[in-house]
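Two complexes follow with chain A in common, the first pairing it with chain B and the second with chain C.
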Partner chain A sequence: MSKVRLSLRPSTQGYVLLAPALIVYLLFAVYPMIDVIRMSFSSWNGLSPQAKFVGVANYRAILTQDPVFWGALWNTLIWTTAAVIVPNLIAFGVALALNQNIPGRSSLRIIFYLPVIIASIAVATIWKWMYDPFFGLFNGLLTSWGLSGWIMDWLGDKKIALWSVFVAHLWQSVGFSMVLFLAGLQSVSTTLIEAARIDGAGRWGVFRYVTLPALVPTITVVIVLSLINSLKAFDIVYGMTGGGPAQSTQMLAMWAYTQSMQLGVFGRGAAVSVVLLLITLVVVIPYMRWMFKREDAVR
Partner chain B sequence: MKMFSQAFRPVGSNKVDPVLVALWVAFILLAIIWIMPFLFIVFTSLKSNATVMGASAFSPPTELAFGNFVAAWNRGNFSTTAFNGIVITFIKVPLGLFVSAMAAYALAKVPMRMSRALFALFVFGTMLPFQVMLAPIFRQVNAFGLINTYPGIILPYLAFGIPYQVFILYGFFSAVPKELSEAARIDGASHFTIFRRIFLPISLPVLSALLILDFVATWNEFAMALVILQDPRMWTLPLGLMNFQSQFQSDYGQLNAAIIMTVLPAAIVYLMFQRYFVSGMTSGAVKE
Partner chain C sequence: MATVEISNLKKSYGAVPVMHGVDVPILDGEFVILVGPSGCGKSTLLRMIAGLESITSGEIVIDGRRVNDLEPKDRDIAMVFQNYALYPQMTVAQNMGFALELAGRSKADIKAEVDKAADILSLTPLLDRKPAQLSGGQRQRVAMGRAIVRHPKVFLFDEPLSNLDAKLRVKMRAEIKALHQRLKSTIVYVTHDQIEAMTMADKIVVMNAGRVEQIGSPLELYDRPDNLFVATFMGSPAMNILPAKANRMGITVAGLLELPGLANVMVGTEISYGIRPEDIVIGGEGAVPVEVLVIEPTGAETHITARLAGEEITIVSKERLSAKPGETLMVSLASPRSHVFETATGRRI
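For the complex of A and B:
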């Protein structure tokens, strides 16, 4: 047996195995995050070879002069709040129903999950067509039900456009949380449920004192994931309204993109990105600590 | 009737539960609402423009206008966008899984300093939304001179796909008993050999779950492709669909045919491999 082949120390072999993934990750994910922070303190138009350091001027500009920023921040916050509450409540109900002994469970699960695997840009296109003021599904249905008074320009009216986009997001995101809830529900011990029933607990009692406590970790995961998913809402807004009408559906991710890639003011776009990044970190860091603590507890 | 013989009976009960029956009916109604957009898209894709504008929105098509699909395929440049999508997905997905598996093995099974900190760095990446930093990603790819190239899109795709895959595979490898790798080490095998001969084969079920999940995610990705692939000859299907939507908005039949052709591959993959989807998604997020 040749022992010469073992020339590399075990830890060196480990680093060699780790290197490709780590290098790509550092270069194309971690570095851009550092770069966006640096960029937010400079001025760059996308063409000149050098970016100029300007201190906090970009932040001052977006906070005091930018007419869109506060609206976009507000939209991001209410969108996120709604996206954490509404789809997850529906998903929870659907998962509870699918966890019962009812016929057609697997087909029903497929129906609710199918929108998740469809490209967001296709979801945007589908809903844009359904909202079409003249030939779309919604106004067509309202007409045939004799409710012509309710006909609206769903994406063209700035009072309701954000919520019209939100309904499309809702349709797409329920299935994702549903699958996570279902997995959580299936891990609830049936022995425990049986025992509670024998002790005289009713339907509500079992739910309140057995199922719900067992689901706390799942619920936490679902809330955090849907929070992060909604902060990065981009495709669906881009595809349906592009931020309009009159910036009424503008959100931070979209606004950062618009400033940098379309208006060519990279510094301001970066400042918007950093604000959104900070909001994300407020959620991610406590969540990571919670997760590592749980992992240590399991070991 | 066999299907119904056990239905609507709670665990440990022989009686049909009326609450469950009522719930089921309400639930079926919700499912019908959920599937409505798909029906509407399929119906419209088979109608001529005159029918779309003339008849009611929800009437089934009378004469099937399959020509919409051919016309949309040609006008939407589907042969180009589908080809690019296939090249990018077929390189990115297996490559990403392979390097992620190597990294996860190293973190889980090779004693190294800093391995916990490095793992935390990867976990952090699972929650880093790239939609937030499209412009700096563009800058970085541009610095390498890779705008409008396959490597230019594949590298950032890899970078943002690796963390989740490392996270899942790390969990899987950690659960493998120590004895398995230590016996091989005593026999003189290097970590490379152990990874290739033992760990890669036993992780095939997890790898297939991640493969399916990643295939759909890569096939559907839009935002990153939007900033990096600016040349129409390099576009992927989502970019092609977006362009079709803005250019031929009033050709309703063709637009809906384009939607169907864009989403069909992912939908077929999902329907064929749905049990992998569930395990791929839940093994990371929900642990029993």
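For the complex of A and C:
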């Protein structure tokens, strides 16, 4: 009996190996993305067999008649600005500290990274309890320290609710950026640091002229990732406030979800999603192009 | 330019001593090369001079000033690293002027110094390029330029040519030597390549296992090695070492060659008889038979690996030999330039 030999060209072999991942990606990422764009030009309640084409009516509606959309957009922009700056600055500081030869360094790294591995919805539950105005940790601590004047309804007061949620997000996200910064810091050439020390650079000089330039690729990745993640902020807000009180913590991604899944206006929900996608592309693509161009100039 | 005085220098990592009391005097304007096998402590010694490694005990004095506790930037030294260590985001000119900029020198001043160094090193057309756009040899020259602009008291070179290909290495060797002759600066240079050491140095310090084995001029070390380590380390191909024994008449080498007397050696003492490959003469008086194993013609000379009484020896001949592996060749091992060491201590007799 002769053996059947399957001989494929290397390029065909590559496509065969790629196929399973590609199929999943096309089916669950590319197709829904295109379908959302199609749906944003239709009217559909999620139940009727046919969606009706309505042109740009959904966009007109969310931009001109929907007061929540603008609030959600504003909140998303504030959230994104804060989430790109604050956690990453803290993560950078922590990474710099934990890159030094200090006792307990490994344990501290694990402690700072732990919140990252907790599901956002669990983080939301933990923090929701800590923020509880009657039984929560924070108000309990403030009372026992005699600071009852500082007691607040952390998630119920629309002036501070967004920032209360943001603190929980901060706690969860610092570890991730910290790990990326640590990896970047460990790739900084020690010879280059020594060369700078001999050239007359002090601690600040070494940081400014050696460490920081070497970290540019890492900083790019961290900023892009936090931009994307914070623009689509959903789960932690959903878990803690559900967008309330009085839509004061409403976000674009959550508003798209609420419109579609709770109010049954899929067309408008899709339109909100498309706007969010456009914002993301407009912010992220030029930034990445600019940074990679800078990096190429160095290489 | 300055003298460097290294006295009884010791270094330990925790309880593990890696340098055991090193003394090296370096004169003003001298080109000193620290050479030795990997792990001998030569780079550690250089880094201690630079201030990049702490000193456990002993003293380093540069130009009359004890520098043990000074930061690298305060020692008035410049260092050229093996992997060049150029700042990737800076141009060649910025790299070269960086130390002067940190020192607060004026822009015009920096430009003048950089232009002068660039001219010496033929870097002028490259001043606006980034290190990534340069070849290995050009990067090495920039690293040297960065050192030159500072007019330091001492230049330190840490295996600067190891990353270059063989041809470029020979060229850069000549350039560094020419640079030294031009600047007349004090240079401490580390290498594991003894050819580099022989060709460039005014003075070579041979190190082994954290100790100085011998200090001397290249030819002193080559012609009169103090011990077996230096004898076998300096020279390529390495010196042949044959077992010998002292007898009443002289010594017997490899059990078959009788050579005349040695004073002050007890009969029966185990001796190591050293003879450089080029000092073995083919044919000649008192020749002994050796079996040819490998013939390597290099063009200018022929390297022959042969077996003599169970010992492998290397012969370098200026002749173009027609001998083939397996054939017998008659060679004379008695040379006025041979060396005799006491096997037990490795010391020259």
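The rule is simple: the second predicted complex is superposed on the first by the 269 of 299 C-alpha atoms of A that agree within 3 Å, B and C clash if a C-alpha of one lies under 4 Å from a C-alpha of the other, contacts with A are read in each partner's own complex, and residues count from 1 in each chain.
Just so we're on the same page, contacts are C-beta pairs under 8 Å (C-beta built on N, C-alpha and C of every residue); 3 or more make two chains touch, one makes a residue touch a chain.
Here the structure is a predicted model, which means the values were calculated and not measured.
By the touch criterion defined above, A:Leu89 lies against neither chain B nor chain C after alignment on the C-alpha atoms of chain A.
Contact with chain B, but none with chain C, is seen for A:Leu141 once the two complexes are overlaid on the shared chain. Judged by the touch definition given at the top, the superposed model places A:Gly205 against chain C, while chain B stays out of reach. Touch criterion met: A:Asn101 reaches chain B, while chain C stays clear of it. In the superposition on chain A, A:Leu192 contacts chain C only, with no contact to chain B. Measured by the number of chain A residues touched, the leading partner among chain B and chain C is B. When the shared chain is aligned, chain C comes close enough to touch A:Pro213, but chain B does not. In the superposition on the C-alpha atoms of chain A, the part of chain A touched by chain B in one complex and by chain C in the other spans residues 194, 197, 298.
Chain C contributes residues 50-52, 71-73, 77-79, 81-83, 85, 87-90, 98-99, 102-103, 130, 132, 146 to its touches with chain A in the complex.
In the complex of the two chains, the chain A residues touching chain B come out as 1, 3, 5-6, 8, 10-11, 13-18, 20-22, 24-25, 27-33, 35-36, 39, 94, 97, 100-104, 108, 110-115, 117-122, 125-130, 132, 134-137, 139-141, 143-144, 171, 174, 176, 179-180, 182-184, 187, 190, 193-194, 197, 203, 217-218, 221, 225, 228, 231-235, 238-239, 253, 256-257, 260-261, 266, 269-270, 273, 276-277, 280, 284, 287-288, 291-292, 298. For chain B in complex with chain A, the residues that touch the partner chain are 3-4, 6-12, 19-20, 23-24, 27-28, 30-31, 34-38, 40-41, 44, 52-53, 56-58, 99-100, 102-103, 105-107, 110-113, 115, 118, 120-125, 127-141, 155-156, 158-160, 162-163, 166, 185, 188, 190-192, 195, 216, 219-220, 222-223, 226-227, 237-238, 241-242, 245, 252, 255-256, 259, 262-263, 266-267, 269-271, 274, 277-278, 281-282, 285-288. Residues 189, 191-192, 194-202, 205, 209-210, 213-214, 297-299 of chain A touch chain C in their complex.
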